[in-house]
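Here come two complexes built around chain A, the first alongside chain B, the second alongside chain C.
Then we have the complex of A and B:
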């Protein structure tokens, strides 16, 4: 396992390096001049030249890259174009809200998706399975922000059961914080849940067809034992892999949900950066989001190899 | 014809296919079907409620007919999704086939680049591209095209690798077929079904992602009507005119649902083993 872990970590380094190159090149793909694009076409040439100097964009590309990447390990992501604030603390300040929403959304998605998907898989072709298939596909096809809007209007505005928009830090008022969390987390969870459910169903069906399940039945084990000890344990492994690959869905969905519920997470920062054409901010956020995505996938792969040692041999 | 006959055995997929056809026809014949010009403002009938004679789905903040805007909005959604998927299919397909067919260094390099792009969530890639080009329908097409390319490249590559060493390819090669001919006549027809299933699934995402970008204010710009943009305004005027957001979202849901159902049916039809 140690050898495998080291091997995966070793592969992770070039991937991160490649990511840094892609993200760095991004800003230089802008048609024309990035500074001109940020300040608008009406800005004078002198002003643009001055800004290029200020942000170091007039230096050779390689120098810019080395300068940029050498700052990254120390957490220096550069400064924003508009307010000239360091980017790292701005993003960092948004992490608690983003993380809280992501985890709560994930929890709800798992609570909704896993049991229903597993049941549908165990009772394949039953009326419940058919109902599950239709409902999960409909849920999977639903725009997250639409579901969020409906929930907001019904529960937040019409019935006034829950606050519809906003955020209070947990440290300030835990109860209020949780009240504000419910609607965005439920919207995110109900968006992701059908997907997890469909994956769980497929994983269970696949596990049910394995030889060891036949063997367990032949041994005369009770259905409950076969399911708990053989089917679910193996289904969870394949579910883990699929889940790792689709964590991007959670990250993307979160951006939209944060915008809808005025949840002050990192996602809103990115959307604002795109609207304001703050390329430095976009660059930094893409780097951070993609690194998180890669890191989660690395963890999933390692966990997969730990749970299913055959993976290490491949 | 054979395909249509076989499709009849999958009534749900067939119904979904008909629904998609209906939406495509609605988009094509929008000027005939829409009761009003979608941009025609009438301040006297602002926020007309649901069921108002003449404006059955009500009117928006400028008194524009919601039904007409949804009908015209289908044009943007479908056009953007179809073009973006076509871009991704062409780019990803070519890259994947080249990588899979040539093997060696080209394969490794191309696929690592695709892995990298794949590592960035699709909406993030799309946000980055829209940031570069500014919000417009064209940007959304490029953004989603770029975002979906790695997936098509991966699928095409693995499909090519799967058939590369098949006996019929060896036979064609032995008969002196050039690599270009091999790809065109032997490889492509055999990987087409796999790509086709992916195209259907991607069209569903394309419509969802276009709506998401529109909702974030980064899609098609006003006054052009698009479902995503209607959801944004619908949210602002949720109290006065709930039907804006309600029906625009429902339109997205129905079309995406139809594409997903059709894609599922298509997968079962083309590969009966996957039918569970």
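Then we have the complex of A and C:
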């Protein structure tokens, strides 16, 4: 297990490097002059040339890349185009709010999706399973921004039970913070929950068809033992893997929800960067989000190897 | 009273658009300590018979008719919990694909310990020690260490030994072995067969041995049942059946065993054709379409199982006439 972990961690380094190349090339391949795009068409040629000089955009691409990447290990992500502030502290300041929303949303999604999906899978074709299929399909098909808007209008605007917009840091007023958290977290959770539920149902049904489940019954094991140790144990492992591959759903959903509920997380920062055409900020954010995606997948892989003894051999 | 008595068993798969009649009026008995071979090709209904005995028919399979009595008690009348206590404790199962039957993410020892935990009042630690003991008993060396391993780390023969260890755990009265050696090479096959024979002689367990291979069961079984298209077409003591097979199907099966003695045959005789579709069975004899001795009457008349000697019975028109 230790060897496998070290191996995967070592492999992570070239993966991150490859990611930085892709992100850099991707941003610079976008047609048109970035500076022109940022300042607008009406700006004078001299001004554009001056900015290009200031941000070092006249240098060869390779030099620009080396300059950019050499700052990364020290946490230097460059400066924003408009305010000329360092990007890293800006992003870092958004992490607590983003992390809080992500974890709360994920928790709600798991609470909603896991039990219902498992039950639907265990009692396939029962009335509960049919109800689950209808509800989860509805939830699954509903766009996140629409679901969030509905909740906001009902609970926040019409009935005024919860604040619908804004954020108070937990350290400042914990109770207020949680009040503000409820609507965005529930929206994110209800958006992601049906997704997890359907994956859980499929994983359980797949496990139920395995011969070792049938053989567990032939051994006369109690239903509880068969379900816990033979069905769920295997189903949860495959669910973990599928979930890791689909983590992008959570990350992108989070950006939508943050924007909708005025939640000052990293997602909103990205949306603003895109609207302001701040190439440097976009570049840094894409790199960070993609790194988070890879890091979560690394975590899932290590967890998978820990839970499934067959993995390390491959 | 026989240990196991299958009486006029009829099992079918009720699909929405058709009914597949997999087992049609099968009756047989297994005495305590007896080894009985149930022979038939794929789709003859032998596995469905076994699944019916354990009441583990996959959906949409149903037992339509009949009784399955263990020491006189009809298993079909038992509650779910009572049936659970029969499985693994009184009737144990050994399967063909041992790797698929073992949980890939739980150590081998725990899977045997689970059997003790399900049927006896023991602590987890005791169950584990007993499981290690079972592994040692089926000939797995360094059992303490091996018990912590996972199924994929075992060889095919060791996987099958593990399944047998789980089956023998609670000293069952009956072991149902569903083609346990099919996936193994010949030397390992012999070891597994020896292990089953040992179970009979040491524990007194009866064995119902399912196979499509007559050659394998010759030395193991006291008695043989031949199944074709969901019914028994011939049954008798192994010796009798080999010396004087009566049913054309049995004769065909025996002829297709390669011989090590006598003349070298250029071609191994095979039975032409395929078994009938169980969703559309013929009205007459089910073997008629493939039979070399087929007569006009065979296609209309469905023959009964008739006795042709001591414990020897056959389902064929050729022998019906000879009985009064």
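Methods note: the second predicted complex is superposed on the first by the 314 of 314 C-alpha atoms of A that agree within 3 Å, B and C clash if a C-alpha of one lies under 4 Å from a C-alpha of the other, contacts with A are read in each partner's own complex, and residues count from 1 in each chain.
Operating definition for what follows: a contact is a pair of C-beta atoms (placed from the backbone, for glycine too) under 8 Å apart; a residue touches a chain by one contact, two chains touch by 3 or more.
Since the model is a prediction, treat every value here as computed from it, not as a measurement.
Counting the residues of chain A that each partner touches, chain B and chain C differ, and the larger count belongs to B. Of the two partner chains, chain B is the only one that A:251 touches; chain C does not reach it.
Shared-chain residue A:277: touches chain B; no touch with chain C.
Judged by the touch definition given at the top, the superposed model places A:130 against neither chain B nor chain C.
Contacts of A:259 after superposition: chain B is touched, whereas chain C is not reached. Within the superposed three-chain model, A:138 lies in touch with chain B and out of touch with chain C [touch as defined at top]. Touch criterion not met for A:28: it reaches neither chain B nor chain C.
The residues of chain A lying in touch with chain C in their complex are 210-212, 214-223, 225, 229-230, 233-234, 237, 307-310, 313.
Looking at the complex, you find that chain B touches chain A at residues 112-113, 115-117, 119-124, 127-128, 130-135, 204, 208, 211-212, 215-218, 231, 234-235, 238-239, 242, 245-246, 248-250, 252-253, 256-257, 259-261, 264, 276.
Across the complex, chain A meets chain B through its residues 15, 18-19, 22, 26, 29-31, 124, 137-138, 140-146, 149-150, 152-153, 157, 202, 205, 248-249, 251-252, 255-256, 259-260, 270-271, 273-275, 277, 279, 282, 285-286, 289-290, 293-294, 297. Those residues of chain C lying in contact with chain A across their complex are 54, 56, 58, 84-89, 92-93, 95, 97, 100-106, 114-115, 117-119, 150, 152-153, 163, 166.
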